[in-house]
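Shared chain: chain A. Partners: chain B in the first complex, chain C in the second.
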Partner chain A sequence: MSQMSTATLAGPRRRVTTLLGRHPVGMVFVTPYVLFLAAVFAYPLGFAVWMSFHDYFFAAPGAIVDRPFVGLDNYKTVLTDPAVRRSFYNIVIFLVINVPLTVVLALVLATALNAAIRGRTFLRVAYYVPYVTASVAVVGVWLFLFSADGLVNSLLGPLAPDPSWLVNESLAMPTIAIFVTWKQLGFFILLYLAALQNIPKELYESAAMDGAGPLRTFWSVVVPAVRPATTLVVILATITGANLFTEPYLLTGGGGPNGASASPVLLMYQRGVEQGNPDVAAAIGVLLVIGVILISLVNRRLIERD
Partner chain B sequence: MKRMPPALTLVPALALVLTATAACGGGGGGDAQEAAKATGPIKVWLSNNKEEVAWGKAMVEAWNAAHADQKITAEEIPAGKSSEEVIGAAITAGNAPCLIFNTAPAAVPQFQKQGGLVPLDDLDGGKAYVEDRTGSVAEQYKSPDGKYYQIPWKSNPVMIFYNKKVFAKAGLDTEAPKLATYDDFLAASRKIVQSKAASAAIFPAPSSEFFQSWFDFYPLFIAETDGKQLVADKKAQFDSPEGLRVAGMWKTMYDEGLAPREKYNGDAFGDGKSAMAIVGPWAIAVYGEKIDWGVAPVPTSTGKPAEAIKTFSDAKNVAMYSACTNRGTAWEVLKFATSKEQDGKLLEVTGQMPLRKDITAAYPEYFSKKPDYKTFAAQAARTVEVPNVPNSVTIWQTFRDAYSESVIFGKKPVDETFKAAAEKVTALAGQS
Partner chain C sequence: MALDHPESTVATAPGPPADLDRTTSPQMPGRRRGVLRALILLLGAFVFLFPFYYMLIGSLQAEPDTSLSGVVPKGNLTLENYSEINGAVNLGRSLVNSGIFTGGVLLFTVVFGLLAGYALARLQFRGRGTIFALVLLVQVVPFQLLLIPLYVLIVRSYNLADSYLGMILPFAINTTAVFIFRQFFLQLPDDLFSAARIDGAGELRILWSIAIPLVRPALLTTILLTFIGPWNEFLWPFLVTKQADMQPLAVSLANYISNVAARAANPYGAVLAGACVLAAPAVILFVAFQRSFRTSDIGSGVKG
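Entry: the complex of A and B
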């Protein structure tokens, strides 16, 4: 009898465990975040994918509109558009400059700021200020610095590039990449600082006992110890970089010169919002998401391999 | 690796189902005929231009004083990257106001496609009112289906504004400078830059936004073609010999450094960086006090007489939005706000030209009091609008990209680039 009741109870419990996991109370804790993700991430992403396969445009509630399934037409439009292809090429240039520069500068500066140096708090704040300052304000300063008759060209004199930085097809995107690196650096320094503070002191002591100098310690202790943080920095820098919009919109006057600094997100704004073709914009967005996922996976494999 | 509990795997699937459901759904529409007669409180949006807000508030006050049961609530258009973006979002959300006193003609085809606008022809005497007030110019604002979805409200006919002090420094005549032909215009520009009177002769924004061509290529194209629009009869017009002549003129300006290729971070004309600007009558109020200015029509290749030159209107109109339930009141407010009396007040406060027949005769006192505005008022009778065609913004962006590539940056030959862009534009204009 008791064996029977145990077996009877085990059935529903197993079903509950199968459905909700071994700790059902955990579900209560994760539910708000899952709902948040569903509302602000899964739903728009799903909607974007759906839009990219339909002839879709935004319409007033109650308006009778036809939104037929168009298969891969929007993707064909996007992939045969030279402006879109150029924007993806531009973002690759951006990431090639921005991501390694971010990792190297953030790690080196974080290591320096982690050491007992004078004015450490001031420097930590100084690096963080650009990150928390509105892009519009910071862009204004960079326009003053990098315009044809700006401060940088005045200092460079005859060495100033012609055409100038922001209207030079070869220099516009690298200039934006350097701007974004500088602006975001404070945040990534913060991530590395947190990682550096978790490195056990014993590792430094062992390295010192083995006769390692500061450079050797940095390379053999710090770099491997902060590898998880590096993975995070690379992935976050890639994602934020791929979503580049404000800088080409404001710094180079809408992706100029001649589309040399246009980003996929800027084109999504132009096509989707300005021109009323959200279906085409969604196709660009889906391709961008796929690209970012692939790059992030490759990065993770490369960084985390032993 | 632990597997996600099955319940969680349902979330994305549920999101997709919700997505599909929401995307395929659609609300029911109200009865348009009933709404056309309905009266009651309404909401309107005004542009955030200081003078227009002042006029709008006074207009609303005057209306509300006489219509206690049909009050207007006026707000400035909410902040966004552009008014059109905000209006487009409001149409989609179903919370657009009844009237917007800042509807760009280039955005009307898109708003119409969204189902966001009320055809004024469907309102009592709507079509006749528009045509009686504006005259033959109203024809340009008709949509391809033959209806009016906007009332032509006010224009800012663009002309060449010049700084007399800079012209004097460059050794140019300040009262009647020779700017009529392209050769005249280029010669004056060279003198300005070579004499270092200003670092640029003229400084139209060389950036890629779709609307920038309205203030460099388009006014000169209209003047050169005696009033052709960028697209006519569903066919692009800018790859014509006239279009190429205009492009050639601007290309010389950029190639010789008379117009900069880099965007100026501020007001180039106001800051004395450029000697000329392509502007509407609003510039009188803005620069009148601090700059000794003169005005001339836009140049043509042959130097047409001033009274024969047409230009871009840079108009802003009023449209009624389909989310409006009290359309009867909205229509009465629209007529009130565009009445002769209110148009006169608008002219008085903003200096912008109401789009009504023969404004110099309609407001003789104003123009005798403010003769500076007379030149613009005369030009207002000869204005051309952006074409009211499907894919309007995409067409302008396509043109701007081609113009940027060939004229501003000189990366490709103008004729080839314009021809390729014209093919795209013709295809876009032919779509429904």
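Entry: the complex of A and C
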């Protein structure tokens, strides 16, 4: 190609390049995804916040109805509703049990698995089987195991709680928290396993050189080295916990007994869909998300400070 | 070689840090530590697997036996519970609904997710940075905030209740999948792409005949991860479907548990039979393809 033709070609092309980038076809490639994000995330996100500040109700499609701005009224309704307050209290109990248990068990099992020589494949699969199974399916077997005359109570004999686990006001939420820990643990073990495999061998060697025993090595080498993974595990477990719906809906028959295991998302379903107050439900959602963000920020501060 | 699939480094990942075993400490002999570790691991495996075993034998017994001796069934196993649950919820129809829901999500995710992941990793165009920031942002928006507006829009405004489209729409393109695709396309060597471009290949052709074959293992991981989302999802299809013949299996089984089970002859048996049918496809897929479900992929997918 001669020098001349290159120069004449490059002129307009360079202008296009600065305007659209070197591969404008990329815009075409991402268009379906961007449209999807706009329709399913961005717009509903704004809609949720808008709805929570307006008197929103279901109307016939196409009907033009007035939906006046009501300020913080929906939030007032939510915060003075004892059932909603109870559900937020319940989720705090849930998180206090679920998150530390998840972090400790996942890290211990991942560390043991990382050092295991035989049966690693079998163990890895065994650990994530509950994670890949539908909640609805495993809820079925937990209902069976934890029913009043179920296997767990026959095993405990006279120590069995009365009323039984899922119908006991003070045990229903903790049982759900343990169920979710069991169900999700495999995923968090895999996260920790990835983090453990990135720890340089030299760290273990120098710990051994200093005469550190296994517990000491675990505490002063492994725990600090996986700290970023711990932040992630805590935040993801908090988000999963705040999304709790299927378990109280099915395990405790809709958040019973007496709302002792109702979750905020369950209340959103009851208020928004069953009772037709989507504006109140949207306000619960906004408060819940603000709560999750605050908890995550505080946790991150606590875990990552030195 | 780097051109080999990017996971080769993962597959041969550093195994157990062997030094940890050899550096025996004075307090605890290595063998005893090994025994303790094996005990913890086996106890863990038992706790994770036992409910599945119990689910299976419970689904095969005519009478529920919740005593300790009932853990080992003594003959007379039956498939009665399966026909009981099949009579109550029409398993075939529910499985087809689950399959269409899951298949739709997989199709949209693979087609549009690959295009987006490739563009974000390999193409330079205006707005790329903004879109990538959006991808990160979406991963932290919790579904519960979108739940009510999506319900209002899809069920009330667009009239998509009891339709496959309404079920699929909120999950259509899995953002984690877009993210994993991008990570894997980023790991491919630059020279490969410049060479193909000099040869005059269009981007779609480069994606199809060069990039995708090289990230095939990542594709499998992503498909597995994406599969369990819609297959196991309960809340959204539960909100969208009211007609029994449109409900995926997770929803019809849940309705059986909360409404019908109390009146059945052996309610737990039927519930457990339905649970086995719902659990089997996911469990079988993950056991069969366990090699493709690698830790580092998820790590990179979630961490960035």
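Note that in this section the second predicted complex is superposed on the first by the 260 of 306 C-alpha atoms of A that agree within 3 Å, B and C clash if a C-alpha of one lies under 4 Å from a C-alpha of the other, contacts with A are read in each partner's own complex, and residues count from 1 in each chain.
Criterion: a contact is a pair of C-beta atoms (placed from the backbone, for glycine too) under 8 Å apart; a residue touches a chain by one contact, two chains touch by 3 or more.
Predicted model only: the values in this text are computed from it and were never measured.
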With both structures fitted on chain A, tell me whether chain B or chain C touches more of chain A's residues.
C
Between chain B (first) and chain C (second), which, if any, makes contact with A:21: first, second, both or neither?
both
Where does A:258 make contact in the superposed view: on chain B (first), on chain C (second), on both, or on neither?
first
So in the superposed three-chain picture, is A:80 touching just chain B, just chain C, both, or none of them (first/second/both/neither)?
neither
Per the contact definition in the header, classify A:239: touching chain B only (first), chain C only (second), both, or neither.
second
Touching partner for A:58 - first (chain B), second (chain C), both, neither:
both
For A:140, is the partner it touches chain B (first), chain C (second), both, or none of the two (neither)?
both
May I ask you to decide whether A:166 touches chain B, chain C, both, or neither, giving the answer as first, second, both or neither?
first
Where chain B and chain C land on the same part of chain A: residues 19-21, 27, 30, 34, 37, 43, 45, 47, 51, 56, 58, 61, 140, 143-144, 147, 149, 253-254, 269, 273
Across the complex, what residues on chain B touch chain A?
5-8, 11-12, 14-16, 18-20, 22-24, 26-30, 81-82, 84-85, 88-89, 91-94, 96, 110, 113-116, 199, 205-210, 260-263, 265, 322-323, 391, 393-394, 397, 401, 404-405, 408-409, 411
In the complex of these two chains, what residues of chain C are touching chain A?
13-14, 16-17, 19-21, 23, 25-28, 33, 37-38, 40-41, 44-45, 47-49, 51-52, 54-55, 58, 64, 66-68, 70-71, 112-113, 115-116, 118-120, 123-128, 131, 134, 138, 141-153, 156-157, 159, 169-170, 172-173, 178, 202-203, 228, 231-232, 234-235, 239, 250-251, 253-254, 257-258, 268, 271-272, 274-276, 278-279, 282-283, 285-287, 290, 293, 295-296, 298-299, 302-303
Touching residues (chain side chain A, partner chain C) in the complex:
19-27, 29-30, 32-34, 36-37, 39-41, 43-45, 47-48, 51, 56, 58, 61, 108-109, 112-117, 119, 121-130, 132-145, 147, 149-151, 154-155, 182, 185-187, 190-191, 193-195, 197, 199, 201, 204-205, 208, 211-214, 217, 228, 232, 236, 239, 242-243, 245-246, 249-250, 253-254, 264-265, 268-269, 272-273, 278, 281-282, 285-286, 288-289, 292
Contacting residues of chain A [partner chain B, same complex]
18-21, 27, 30, 34, 37-38, 42-43, 45-47, 50-51, 54, 56-65, 67, 83, 140, 143-144, 147-149, 163-164, 166-167, 169, 253-259, 262, 269-270, 273-277
